[in-house]
Amino acid sequence: MTAARGKWLQLAVLAIVIAALPLIFPSGYYYRVGALIFVNALSVVGLVILIGLAGQISLGHAGFAGIGAYACALAPAHLGLHPGLALVLGAVVSGLLALLIGRPILRLKGYYLAVATLGFGILVSMVLTNERALTGGPDGMAVEDIGLRPLLRDLGWRISGGEFWYGISGIALLIGAWMALNLLDSPTGRAMRALHGSEVAASTVGIDVARQKLRAFVISAVYASVAGSLLALQNGFVTPDIAGFMHSIEMVTMAVLGGVGSVIGAVLGAAILTLLPQVLTVFAEYEQLVLGAVMIIVMIFMPQGLLPSIMRRIRGRGE
Amino acid sequence: MDALLQFIFSGMTVGAVYALVALGFTIIYNASDVVNFAQGEFVMLGGMITVFAHQAGMPLPLAAAMAVVAAAGGGVALNRLAIEPARSAPVVSLIIITIGASILIRGAARLIFDKQLHRLPSFSGDTPIRIMGATILPQSLWVMGGAVAVFIGLWLFFSRTLTGKAVLATANNRIAAQLVGINTRWIMTLSFGLSAAIGALAGVLVTPITLVSYDVGVALALKGFAAAMLGGMGNPRGALLGGILLGLLESMTAGYLSSQYKDAVAFIVILAVLFVMPQGIFGKKPVERV
Amino acid sequence: EIRLGASVSATGPAAFLGDPEAKTIEMMVEEINAGGGIDGEEIVLTLYDDGGDPNKARTFATRLIEDDEVVAIIGGSTTGTTISILDMAEDEGIPFISLAGAISIVDPVREYVFKTPHTDRMACEKIFTDMKAQDITKIGMISGTDGFGASMQAECKEVAGDQGIEILADETYGPQDADMTPQLTRIRDTEGVQAVLNPGFGQGPAIVTRNYAQLGFEIPMYQSHGVASNAFIELTGKDAAEGIRLPGTALLIGDLLAEDDPQYKVVTEYTAAYQAKYNEEPSTFAGYAHDAVALLADAIARAGSTEPDAIRDALEETSGFVGTTGTYSFTPEDHLGLDLSAFRMLEIADGGWKQLD
Amino acid sequence: MSLLEINGLGISFGGLKAVNDVSFSVKPGEIVSVIGPNGAGKTTLFNMISGIYLPGRGSVRLNGTDVTGIAPHKLAEMGLSRTFQNLQIFQEMSVLDNVLAGFHLQERGSVIADLLSLPGMRRRAANARDEAGKLLARVRLDREQGQKAGNLSYGALKRLEIARALALNPRILLLDEPAAGCNAVETEEIDRLIAELAASGIAILLVEHDMKLVMRISNHIVVLDHGEKIAEGDPATVSRDPQVIAAYLGREETEAADADG
Amino acid sequence: MLTVEGLRSRYGRIEVLHGVNLQVKPGEIVTVVGANGAGKTTLLKCLSGTQPVSGGSISFRGQSLASVPAHGRLKLGLAQSPEGRQIFSNLTVEENLRLGAFLYTDDRVAQDMGDAFAMFPVLKEKRNLPAGGLSGGQQQMLAIARALMGRPSCLLLDEPSMGLAPLLVAQIFEVVTSLRDRQVTVLLVEQNAYGALKIADRGYVMETGRITIAGPAGDLITDPRIREAYLGT
């Protein structure tokens, strides 16, 4: 009961924030930053399912983001597919790939899993970098426009590219958050949390541990892939950086910073790590210094991540 | 034939670099289960401080010693200021702290030093040593010797000394360690100091070969991490072997298959090994009864 | 005031390019303002560091255009970041001068997009021309897998045939690799290789060169303009670097230029100013940024307006403008405006530079 | 007919025969206890029966089917449930969620239904919630249901494990030292609970060092020592067996059992 | 020897010890009994310094323990065999015991280890195996033996008989009794209240974070309140 109410409350807050923010945007640039936050948050929500719920680490999820992104670049260019459908194709490919490699990889635990996923991510980014003839190499390639905006224009609705992608990303994030929140409080979600606590106990109560881990892995891969596709589509080009190690690390950092078990936390984490570099341009020289310090300080004072720690504090005062 | 030997030399050189980084991971990991992703930054600091001290006129050995001590101080500070205060945090949070620290140290190095590449003079000159048509630089021997020396030191530390055991006990069960009178805070301080010192030593040894700049840490940490996992995290033997193996894999692939995909092949082999040995080559499966 | 925007990769893997570029842009804007600005208007510079990340570069481009309301943009240290800025500039009608090498930036020509560096293809052609002059037709290549190396590798392979050069071995290395002897051994063991070409920047080429010496190669080695700086000689050591040939710009050999050389004045003045301010030598890449700022200032002055479209039109009319990289003449069909003559073939001799042509 | 049949079961750890050639069977509604000194192999036996260890030799049959070496979650589907000597609690989950996890087999559905929160999923989940509440009341943990499980005291955790094991609605229940960490009065409660379960037709396999409890409720006792079965029979027989007294009971306990019997 | 006054302790915001008073005199065996969740373990954790104290005081041999960290208390002679055993599962049995004597490097360590092996011969058999592989009861023996390796003058035992076979339970109680002869003071928390009270000099009953009954062990055993609540029928 309370869990269900919590779910709708969180979604409502998120929806209101997404809808209301543009009222205070002084320029089109803010739409871009907003859209970036939402896209990042979407992939981090996927990681919340994998890391927070099922307790499995991945240092290679940017690989799936890369697959999603390049699907939107390659499928239209080589197969003549509509970019929108390419997003779906990318999600399917990512999901299938996750299914395929998930079985062997997820047998590993902790750091061993980390290094295996890291290897996967590196393989993807290496293929994207090296197969220049297909992918354009390190310089990347262009992505066709999704063609929705002209359609809207014909329907008499003129919006700028920034506004359009802000809307699309916001809606995608809302849907993604809704599904993740559903999962969190569902039998599957419980099974995932259980195996996180004790694999032995989970299996003796009938939970197929390998299968549940795989589910979490595939779901999070699809989230990352869709986020990658959306990013590629709104940027209009894509480079292998999107599949790079640093991007994977960034995703995990966002998840942990926000609070690895919570969906709204994921959004917060994504917001902070997306905004921080934009704010820090003022002290360009000190950007890395401040960024590193912020990460450390948040983790020291809010070891469970921003949102859970803040909630705890609020509740603590209430009682 | 001489090509093969050349590939082996190359693999051993690079492998020893990886091994030195991997060895640096072991102590902190053994004390706290945390893989310190700022380890690469200690390597960088070792190189950078030595370069700048040397440029300022200090003799090389003195500059190197100073770098090692300074980096050890940095390690201790990292523990005291960032890890210790977050002691109760989950391991992922501690890892994020080390990632934050690596970004911070990099940023600081960029400000304090510069963004340029630097090199140290080779310790024993640049005249290649010829063996059966293949060549190896004297500095490579320094790196390999360093890796072996650090390995022996660590191995003795963990298997022969009570303090070494106390380090293992601290990671295994911190509360129990305190109950038997181990000052776990001091053990952590010691571990971070030692790890950082090993990292800095690695930096001093490899800089004549790999060059150094404020941002070389990430790549080194990544390869060192992979090597440590291949060999089995926490085990000095694993770190040494994993590093050398990774180096050899890369050079053999570059030599015989494709230089473009050498890192890829290396990772595929790591995945294959982990598939058969999920704890790495020398890693032991923790025994936990239910 | 004139709002000028820039987004370069001052940090990250391409900091090699972006750092001196950023320094140059800041220095030149200061200089111009100290001299009373352009037509009495002060330049207000907004400079962002995109860290080499194209996604960030696009965000900064948006910010420059939408939020900072600049009238022109300089930047894109790499091809990747350039391409991410390029669409924005084109859509919003803001003149944009790129500092990256790929030919695709200006081919096909885009209305608002210009660039100052030679293309990678030109560098290849320059090198191959020199090789043929030495009767070298069969070569081995070893390239970095970073954007710069990969792009040159591809371009060189593309033009090699036309130039009558055969690439017998084609190796690569990662930008952070520590030892390239396996790749070099393969090249050495390839029958008939007469010279080795190593496109790349950063520590890669320095290590390649040192390994080259270690393996005792006796055939000539060519590097690209990616390493055209004194730092390279320092990193490799004087002995290992001896005899290496590469295409460079006048900037590198300011002290060797004849006083009547058209570039003499701009090169020596810029070098002196840069050195005075930053206590280091400007690199070839710094020169690209210098030329971009100078071209823009010139165009704005001629346009007599700070309207982006007017600046663009004036830019396109630039003719015979002498920069550190070469002499620029833009036309509606050519937004690069340099020819091969802008490159000078250089050789490292006695730890310094020697001009060959 | 026997519900659980064990035949010649054995396993070794690096040369040590932890369990060797053990056979016995359990019928529905029956309480069978396994006793023996520390390290005799009781927990190891449980681990083999419940699929956590792969037996080196011998077979396990559940309801007539050979289930040797089958994964624990499959065995759970077949009605086998257990608790652990070394607590295996989902520490970070609430007490209620711990029990709900026990309802996994009943409430699981397609992952799509869970992601989209389809009505079917919600119905199943609501059902499980009701049942879980009842189970918690049965082990006197209903007041703690909202708490994080990791915050409970040792004794409470033991009872939580039992509730979770019962959530599977098992046909056979393996209890590894359920009364450890409970005082005499608390042990009597567990005693009653086990008897009730057996009365409802569940087969119980019990490991316990509290001889009062064992002697009082067991229908049949199997004694292990150094991995071997050294005796078996009803409580009275076993407690008089000199070998059992020497290896395990000692004198005092025998007297106590006698007094009760 | 050990004086606890008004001890309070909390987990987060929930207080579980609400002012506990307790005294242990030198050479005594004192036992604390109580239902599940009464706070017995919390009390011992406060004494050994692994649980923060929010009020009240603990003094050991006249010295306040307030500023002595957990690892420093063993040096003063206070050792604990904790609930849940807390052995070093990745280290061997012998290494576990050796670390129990972490503070010492003299010859007596070997002698103590010999005593430990004599007390629990099975540990000697398994000396070179990882402790994590031991059976539950064997781990319990290891935990007790490890605490003794620290040469305590006062030993805190949290349910030492848990998971032990009847023969060994008897043996553990004998060991505890013999400790008294060696001038070691013992504070014993036990669910086997009958066994504990039989060997103890004095006993305390703890209910929801408070001491409710205290007295000589002999009196407590016959106290009907205790018989009903803890000793059963």
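Going in written order, the chains are labelled A, B, C, D and E, and every chain counts its residues from 1.
Heads up, the rule we're going with is that contacts are C-beta pairs under 8 Å (C-beta built on N, C-alpha and C of every residue); 3 or more make two chains touch, one makes a residue touch a chain.
All values derive from a computational prediction rather than experimental measurement.
The set of chains touching chain B and also touching chain D is given as A, E.
Counting only chains that touch, the fewest steps needed to get from chain D to chain E is 1. When each chain is reduced to the average of its Cα atoms, E sits farthest from chain A. When each chain is reduced to the average of its Cα atoms, D sits farthest from chain B.
Between chain C and chain D the centroid-to-centroid distance comes to 73 Å (mean Cα coordinates, whole Å). Per-chain Cα centroids separate chain A from chain B by 31 Å.
If you average the CA atoms of chain B and of chain C, the two centres end up 36 Å from each other.
Centres computed as Cα averages put chain A at a distance of 42 Å from chain D.
Multi-chain contact residues of chain B (touching two or more other chains) are listed as 110, 260, 263, 288-290. Of all residues in chain D, those touching 2 or more other chains are 43, 52, 84-86, 88, listed in ascending order. Taken residue by residue, chain A touches two or more other chains at 130, 200-201, 287-288, whereas all remaining positions touch fewer. Within the complex formed with chain E, the residues of chain D that make contact are 13-14, 36-40, 43-44, 85-86, 151-156, 159, 177, 180-188, 209, 211, 248-250, 252-253. Those residues of chain B whose C-beta lies close enough to touch chain C in the complex are 3, 6-7, 9-11, 13-14, 17, 110, 115-119, 126, 128, 135, 137, 206, 209-211, 213, 215-216, 219-220, 251-252, 254-255, 259-260, 262-263. By the touch criterion stated above, chain D contacts chain A in their complex at residues 50-52, 71-73, 75-77, 81-82, 84, 88-93, 97, 100-105, 107-109, 111, 113-117, 121, 124-125, 128, 164-165, 167-168.
Interface of chain B with chain D (complex): residues 288-290.
Looking at the complex, you find that chain E touches chain D at residues 11, 14, 33, 35-38, 41, 83-84, 122, 129, 133-138, 140-141, 159, 162-170, 191-194, 228-233.
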